[in-house]
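Shown below is the structure under consideration.
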Amino acid sequence: MDGFFNDLSLMAPAVLFNIYFAAVSIPLGFVFAVFLALGKASPNGLINRLSRGYVYAFRGSPLFIQFFMFYSLALSLNLAFWKPWGVSGFVLHPLFIGPLVLVLNTAAYTAEIFYGALRAVPRGAIEAAQAYGMSPTQQFRRVTWPNLIRLAWPAYTNEVVFLFHATAIVYFALPVVGSQKDLMITAKDLVERDFNTYLHFSVAALYFLAVSLVIFFLFGLIYSRLMRHLPAQPRMRWAPKWMR
Amino acid sequence: MVSMTHAEPVPSGPLPVVELRDLHKSFGALEVLKGISFTAREGQVISLIGSSGSGKSTLLRCINMLEVPDRGDVLIDGEAIALTGEGQRRRVGDENQIRRIRSELGMVFQSFNLWAHMTILENVMEAPLIVQKRARAEVEAEARAMLDKVGIGAKADAYPAQLSGGQQQRAAIARALCINPRVMLFDEPTSALDPELEVEVLRVIKLLADEGRTMVLVTHDMEFARSVSDQVIFLHQGLIEEQGTPDEIFGATRSARLKQFLNAANHG
Amino acid sequence: MTDDIAFWLGYLTNGKHLAWYASFQFTIFAAIVGGAFAVIFGLLGATLKNSRLPPLRLIGTLYSSIVRGVPDVLFFLFFPLAFEQTVEWFVATQICSPEAIAAQTAAWPPCREANWLLGSFEYLMLASVSLGLVYGAFATNVIHGAMRSVPAGQLEAARAYGMSASQVLWRVHIRQMWVYALPGLSNVWMLLVKATSLLSLLQIADIVLWADRLGAPNFLPTVGMVHDDWRWRYYLVLFVFYILVTWLSERAFDAMMRRAGRGMLSEAAT
Amino acid sequence: QETVRIATEGAYAPWNFINDAGQPDGYEIDLGNAICEKAELSCEWVVNDWDSIIPNLLAGNYDVIMAGMNITEERLETIAFSDEYFPPDPSRYVALAGTTIDFDNLSGIRIGVQGGTIQAGHAEAELAANNTVVSFTTADQAVADLAAGNVDVIFADGAYVDPIVTASSGSIEYVGPDVLIGEGMAAGLRKEDTDLKAKLDEALAALKADGTVDKLIAARFEGRGPYYAQ
Amino acid sequence: MVSMTHAEPVPSGPLPVVELRDLHKSFGALEVLKGISFTAREGQVISLIGSSGSGKSTLLRCINMLEVPDRGDVLIDGEAIALTGEGQRRRVGDENQIRRIRSELGMVFQSFNLWAHMTILENVMEAPLIVQKRARAEVEAEARAMLDKVGIGAKADAYPAQLSGGQQQRAAIARALCINPRVMLFDEPTSALDPELEVEVLRVIKLLADEGRTMVLVTHDMEFARSVSDQVIFLHQGLIEEQGTPDEIFGATRSARLKQFLNAANHG
């Protein structure tokens, strides 16, 4: 029991790193995903193909490889670019490049969700907006977007939880700076010290579960606000479509 | 009021508000409209009838350019809607013009197409606020009045999904009316409703007709078409097969096809 | 020019590169065996979830929700170790003498005799099982949902014609279930394939580990060709490899879907 | 013949590395094979990541570590060491040519180390307060980051960086003072394996005596040794 | 043929094939069947009529135990279907018996329920092969003959989804016939069909009636019930309100409720 509480307090600061990675990546990935989804739906051949290719590549390859690849790519560009601009230590810092890769990755998954939702927006709602003389921007802001985000929210919630889970591999691929260690590295170090696999990994799992539940709860609150226009809400389900 | 962009002599009587000239429209290989022309004058109620798939909805949607006709012109208040390109690649030419014109045409869709994420009141206020950029206080007063008029004032703060079909239909009518349109376009305003609700909605439309509002409507209800219309147009295979006053159309029927259609309608 | 080509050909076929190419078998093995386990665990989990006995139902539900609630990498690291330790613990209770336990200085295993030596094959197998367990939890959900999507009338008709419960299950229920399950299973498969990139975390000399070794900068001619940090090029190859696998998988699942959906997807097929 | 499994990292040339044939190679592999021959053991090499190399020894996945591991007090708490087979050697700082660093009061610089090494331990204890210590999983990665300018200096075994400085033809150079922290390198063993330790020590002593160890060192480390000639 | 497990004297005339005794069935608090008894004798055609929700389908499904009645017995060819337990926890008692009996009852569902993953021929052959374990060659010959008989021999290798509603209905009939059942059970065989297909299916059922096959059918088509049945049973609120020959039922109607029902049916 002592070991359990000891682990709980040891891992409390570590989970902040996972939360940090997720908290930074989620909003940025969200914005990027909106553009990617619109790009996928764009009639412009070039934009369309670029967005599709991007989404396919990032959903089709493991995040783990993406971390390695982007870190060594950024490293090889260091002397040519980051150094002269004076952002060397910053760009290659796990606290920067970690979220960067997570953003690139989650944006692709989120874009796919948004794109699916975009195509599911009722045609009639958009036609009504057209018929009343709204401009394309007004149509998007007032009708398409509100519909899209409601359709996408349950799947997006799952993606957010998975992004949080994905933060577990950041430090398996990137160097550790000082004592900045996340949950996984902390748990792994502890296991390597005393071989108490069940205890340390269970406590780490507990942290992941707890934060996942908090995410579900918060996003569920938002969802019920979004869906207050429906008397019977479609239930949020823990059913991820895609993961990394 | 009427700009003189077209050379036709202005006929006596009320001014033309909607004028279609030789409209053609194909979907891929399927030619749906094969040259349709008619005029709706101020205060007139025109009903489009015809069998399923005859192109009634398509024709109505061409009036506000939700479908762009391949050939032919649409004039609203005598002003031709600018179009560019040829055939199936034809597009609206002037975005600002079409938005201005659309906000003069109140369309009521067959499936209502209310915006599900807004309350009824917000639905009704949306276009006046966003498109016409009128003051909120004024719009809200008008919107509430309009909802009262169609009999669902009490439902202003409900969401569309909380309303029955007939209430939704009336909300859609209120939404269309609130932009104070020159013309109301109705696509089968009652086909999705049960008989009871049908009566409710028809009552509202008759009210509008009595107020002298210009209307073009697609309907399957011959009784209703007869009682409310000034002109009835029978579409068949992409062409106007018959056109006339209700008495002419429903009285001594002239064409065999119309006869057949009306017989079937009596049984359906 | 030809010299260059000959040099690069030679370089790319040296023993280290050959070891890299050979290591793709681990990835493929883990994916296929892991996939098979995932389907087995998925069917098992779905059966539990559909069970009439509440405790079994609870087990099925707990399995699928807890495993999906933690990162795959955590379970992936945890399971092989925990499995090994559990086996060692059982063995220890049987064979360890008190003296041997007292003599043991390390925290684990309880005594030297209880140690279970795992080679790379055993690790690969354990890794595949843990992939199967993780993604079996996802498959459980997919299959459970698919079983419930088969229209009740189809099953009633089978019952009305006198089929036994197992005939109904195998000849109608499971046959039709695939159509509803395949899209979901396709997603689970893609996830699993991508998770095979984690093998190196279990000390398996897989494609990622070799890519890292091959790409690492080298300054000593005695060690091999002297070059800078080339890692990102090697990782790019893996990046492309996985995209290709995804693409191929999609084709394969489309074909399977057409097969399973014969008669049931007439509008989609034509 | 008893089979002994020896773990090495395979990424710490010239002690241990993977050669072009894809096989473990280096001073420690040569030495290990010689010891095994002498002690009449049959040896099997296992490649294991550095950061989990001690835990996996304790868990019994292999019996010996020969991976450029220095003897330290801390490690002696968990494992035993054979006699040393590479003498205490100063750890050294290297940096890109032209870097000027004030080593008298070292602050604000990024120091690259391989995690879990004696250099990492030293840096974390002595330097982390005013500087940033970046731990990499392999020494190669630390060098790569230095070459790319992501860290200001790396701090590593002298004999490890020697050939790199030489091969870089001036672009990487020594900076700062040498630091003597190692107590020499030796094979790591489980504490209870005293028989095996005795065998290894005996064979090692014989190899030191007949000059084999010095020969192997000279072959792999240019200009080093002889250390163990009587 | 008739086992003598029940004590009733064997009546003169054809032997009873289906016999229901005091069937009760509730869903939760809703009591759907409140004590139904009737007998279908060899070669008889019995129609069940009644308004929607009166329990017709439930009654039919009780005959082959797709729903297990809470009280009462079902006898097929004089053999009582074994049931255990009480009330809503009542279950089929003998799995082997029920499977044997079910394969004597050819059920045709309202929504056909053809197995979507098999061709029409496979559908028809499935039960004879799997349940009755007959030889494939013989079954195939018979199945093809049966499909020819109902007029869809050419569709043997199509999948159900590729057939029209009427063709699917006929395939479902062929499937039921191919197990050579003692009794055919039909649940609203025509309600999902358009008038044209309805005629097709009714033709096939009449053919079967003329062949002297025992049938119990639920129908909404009074015309059809009148022309094909030997007995008509009118269900109302879970009880048999009226029972008799078609002439008795459709002629001088006795109960006010039946009168009301038949009036409504004429307009529907």
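Order of writing sets the labels: A, B, C, D and E. Residues in every chain begin at 1.
The rule is short, and it goes like this: contacts are C-beta pairs under 8 Å (C-beta built on N, C-alpha and C of every residue); 3 or more make two chains touch, one makes a residue touch a chain.
Here is each chain with its UniProt name: A, C = ABC transporter permease subunit; B, E = Amino acid ABC transporter ATP-binding protein.
From a predicted model like this one, the values you see are computed outputs, not experimental measurements.
With steps allowed only between chains in touch, the distance from chain B over to chain E comes to 3. In a view that ignores chain C, the other chains are joined by touching into A, B, D | E. Using the mean of the Cα atoms as each chain's centre, the chain most removed from chain B is D.
The most distant chain from chain A, with centres taken as the mean of CA atoms, is E.
Mean C-alpha position of chain C lies 50 Å from that of chain E.
Chain D has its Cα centroid 85 Å from the Cα centroid of chain B. In this assembly, the C-alpha centroid of chain B lies 59 Å from the C-alpha centroid of chain C. With centres taken as mean Cα positions, chain D sits 40 Å from chain A. Among all residues of chain C, those that touch two or more other chains are 106-108, 212, 228-229, 231. Looking at chain A, residues 72, 75-76, 191, 195 sit in touch with two or more other chains.
Listed by label, the pairs of touching chains are A-B, A-C, A-D, C-D, C-E.
On the chain D side of its complex with chain A, the touching residues are 51-52, 54-55, 58-59, 110, 112, 115, 124, 128, 132-137, 141, 144-145, 148-150. Remark: chain C residues 151, 153-154, 156-165, 167, 171-172, 175-176, 179, 260, 262-264, 266-267 touch chain E in the complex. By the touch criterion stated above, chain D contacts chain C in their complex at residues 10-11, 13-14, 17-23, 25, 47-49, 52, 56, 58-61, 78, 138, 140-141, 143-144, 147-148, 163-164, 167-168, 190-192, 220. Contact residues of chain C toward chain A in the complex are 65-66, 68-75, 77-78, 81-82, 85, 106-108, 138, 141, 145, 187, 190-191, 194-198, 201, 208, 211-212, 215, 228-229, 231-232, 235-236, 238-239, 242-243, 246-247.
In the complex of the two chains, the chain A residues touching chain D come out as 72, 75-76, 78-79, 83, 88-89, 92, 175-179, 191-193, 195.
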